[in-house]
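So the structure is just underneath, and the comments pick up after that.
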């Protein structure tokens, strides 16, 4: 017992050293060196490990690429932009610690992130207390539905996408809808909005099944759906289970269209579902088929340039998450460029809110005092998979 | 006065009868021995008496109370403590702590009092440690008091178990082969300890293979063979009993 | 040898005071909110691990469900203070009581289970509760989590800064560790170790092993609930992903790395293992590339540390300490 | 509910169940020879899938890629035993279990470093339309899963019952000391059981990947399900593991069919708990009794 206490003392002493050391460095980094070229410091909380690693990694890639491009071109207002990344490991508590570090030790003027909705919401208390703006790359409706004047988001939230999608179904005469969604944040959020808005959209939900993230077989759920004889199966999730649903549907010989969510706009879905992906339809932004922007528009140029740069840098085409991250970085740096005088967090927040007609990947962003989403249904198009490629659905 | 009364006790395991209709009494203040060849059912009988096994038939009465189907800890609370043939010393605890565990029924400290270490708790523990030291001296294992249970010789483990059993302040002490692994001198010391325990007012029921020890210390002997009682009486009678001699034939001749 | 022993005793007397002084001194030395947050997480884990050390390290009963008890405490306080506007202290009491009661109810049917079967039962319980945390969204906020949980407050006193939260959590943690250290040295603690050593021997000593098992499971579930209850107030946000099986497994690993039959060892292991992912930020002046590398390779490093420690010191931290003490005594 | 739907639920359950069974077999094998639960078992399931995909991307023909992935996984399993567990085999189960937890963290994280965070697809072993039996659709890949599971169980049972190796393994599961006295190379048996367990997990991961895709993080769930199946069966014989796996799978899919898809895991876990509370040693486990 005695020496055990010595060990504890040693550990705590080491801690103490770390404490004092960090204390010094914390205060040190806060002081301006007076250098004119002091960069703008932006914090980014992304999921590089854990469940959302597949989303956070392209996000980080896109931001790093854009940061380099911007800085090579001279930065913003003659100042460089530095993005400091923190990995939240897909854990809300870790996200919170990460944002505290970015605010305390790195003195950032804005936060980009997080990757997931839960992690984004976990940051809110710290964001509010530090009064710095946050631009989330997560699609959860709650992020802007629970309004906070400091918090913005770049993806189309389910609040926008679901009505658009339901209208597409109605227009195609697919009114008897079977819903299958995952019990994760994105799937449940979408599911609840689908259920709430179905009647208003003029469609009827005749089957409602769920699966868990990580499930490997949905035959049982789809068998139940099959017995309800729907016109269409509407699937809401963003993970790899989507491909399994598509394949199971085909296995069961169900000859009804499968419609999905923007989260399914990934190459991995097409590769995973193989020929079962054929005919799959979903709503998403225009990046997947840049022609949707209109070939001569600025948006088309932005998108094609991003796609070719990204493909060159990382050997794969950017997915929608890379696009969300591109937009988040663009929103922040665009706002910075419009600030006259000191780039305080408050000024930056106001500038972001004043963003208008900013052409990004997800669409054209126009924020306002009541609207921190920036995108409208006009930024969405309906896709169809044909010959393993995305084409615009008619 | 009859302290323990066993009547018609039977137990079988999957067709094999380990204890078959055994009856005997243990009177207060005596040392009674239970002997028999290997596989005679002695350890099973001990388990039946102490709640580790449930008998198929029969009754056990201790100080007028029925004991059958009581859980082991209730048997201890009623005043019967035991040792094991395969010793069950707590290896990661020191010898003196082993004895302190034996005082579980004698101490009252609960979770709350233990966590707060109230003055009363400290005082009770101090006295318990003193008493544990005395018990270790009684069985002759005091030099190992601070050694971890796992590190002591096998013979000493039996002594520690006796001290631990005594710590529960039992009225009846059940010893399962306490002399196994002891040399002659140690066995003599054990015999002396047992007499002292007896003199202190504790009744003893002992299973033992060392016939010298059994004949020397016991007041009465019960002989079991293949689960059945074949003889009961004073050591002198038993030594001459033809059934007992018969039972031991073919067996390894017991140390005499 | 005796001089060394005397020194040890002196240190044993002084060490607790020193630790308390150190913990109390941190807020005087820094006002870094990040650091407070990290240290607060450490303190919360210390509370859970202490309970688990009693259950697992002393009584030898594994639980892969302690994250769920942590969750019960956290959601109770979150729901009761944020939605029902109950006073914080009352909510904490209810959270701890609820976690304990659930622990009690679970431990009764589990009495017959041992080893891997016990591990599976607690794991199943934890998974079931995980579904509840997601689905009972009226209470838990579902996947989006429960927000707007007020800061801990007692009467007019409000614990609203990370520094104060840190002191609150560590204050509780120190009390818990001290009480647990006392416990293991007295009758109930000896009984726990006895049950772990040999159940037959323990029964022969008059220990009601079943009742003791239920008691220690209830206690350690309650401590996990206490940590969760504190978590809700100081973090202000509760979401289901926090209470994962991974967390439960990590807690068990902390106890084993710390060494069974010890409170100090698991606490030391808990402090070290909780700080490991934040080490990049605790060591000042680390280059950004190194930080990125450490974050990227955190799981590998944790895993290798776990394997390495056990390969070279199977008794964990406590085993190392015992060995060094014996070596010292022998010299 | 029509009979073809019921059949479809059962087929779906047996499909998942067979995969659980392969993982559960790994748990059972390691448990039999060492008495510990190998927490890295799920990661071998993951390795089987991702290594097979890597093999195909590297240019190997599919069958070769699958065989290679199973062999490499077995090698990693053997290495894990030889270098991380054997040096501590006398330290008790607890230490070994935590070492396997550490190993699972490392394996999962390394897989992310090497293969990236995204899911990866493996081509079907024999592409083709689903087979329709009694109104229930069965993907050809499912036939592969069942076929391979069946072959594995039969082979293992034969090895257990008929060969010298099987006797050695059974002897080890009873007592290492006794086995050593009988002249059994216990260290070799333990190493072999780890290799075999890893191979079975990997086979499960590879054979299901064409249906489900695979990724660095599929191991944890597979591990939990396999563990549950092994416990349900009772950690005894290979047959017990398989029955446990199939039961669990069918239970889940019937829960979806008759009760609720959201609560299917809850329902199957409640049934598992009920089984454990009524039969603490699992369905086919021997009642362990301490000797006094």
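Going in written order, the chains are labelled A, B, C and D, and every chain counts its residues from 1.
The rule is short, and it goes like this: a contact is a pair of C-beta atoms (placed from the backbone, for glycine too) under 8 Å apart; a residue touches a chain by one contact, two chains touch by 3 or more.
If you're wondering where the values come from, they're calculated on a predicted model, not measured in any experiment.
Peer 1: Mean of the CA atoms for each chain, then the mean for all of them together: which chain is nearest?
Peer 2: That would be C.
Peer 1: Report back the single chain whose CA centre is most distant from the CA centre of chain D.
Peer 2: With centres defined by C-alpha atoms, farthest from chain D sits B.
Peer 1: Calculate how many whole Å lie between the centre of chain A and the centre of chain B, each centre taken as the average of the chain's C-alpha atoms.
Peer 2: Measuring from centre to centre gives 72 Å for this pair.
Peer 1: So, what's the distance in Å between the C-alpha centres of chain D and chain A?
Peer 2: Measuring from centre to centre gives 35 Å for this pair.
Peer 1: For chain B versus chain C, what separation do you get between their C-alpha means, in angstrom?
Peer 2: 41
Peer 1: I'd like the Å distance between the centres of chain B and chain D, where a centre is the mean of that chain's Cα atoms.
Peer 2: Distance between chain centres, rounded to whole Å: 48 Å.
Peer 1: Where in chain D do residues touch at least two different other chains?
Peer 2: 109, 262, 265, 292
Peer 1: Where does chain C touch two or more other chains at once, residue-wise?
Peer 2: Only 131, 135, 200, 296, 298-299 qualify.
Peer 1: Where does chain A touch two or more other chains at once, residue-wise?
Peer 2: As it turns out, chain A has residues touching two or more other chains at 49, 51, 183.
Peer 1: In the complex of these two chains, what residues of chain A are touching chain D?
Peer 2: For chain A paired with chain D, touching residues are 49, 51, 53-54, 56-57, 183, 209-212, 214, 216-217, 219-221, 223-224, 226-227, 240, 243-244, 247, 250-253, 268, 271-272, 274.
Peer 1: Contact residues on chain D for chain C in the complex?
Peer 2: Contacts found on chain D: 31, 37, 39, 84, 87-88, 91-92, 94-95, 97-99, 101-106, 108-110, 113, 220, 224, 227-228, 231, 235, 262-263, 265-266, 269-270, 272-273, 276-277, 280-282, 288, 290, 292.
Peer 1: What part of chain B is in contact with chain C in the complex they form?
Peer 2: Interface residues on the chain B side: 50-52, 71-73, 76-77, 81-84, 88-93, 97, 100-105, 107-111, 113-117, 121, 125, 149, 164-165, 167-168.
Peer 1: Quick one: in the complex, what on chain D touches chain A?
Peer 2: 1-2, 5, 8-9, 11-13, 15-16, 19, 109, 112, 116-121, 123, 130, 132, 137-139, 208, 211-213, 215-218, 221, 252-254, 256-257, 261-262, 264-265
Peer 1: Hey, which residues of chain C end up touching chain B in the complex?
Peer 2: 179-180, 182-183, 185-191, 193-194, 196-198, 200-209, 215, 219, 261
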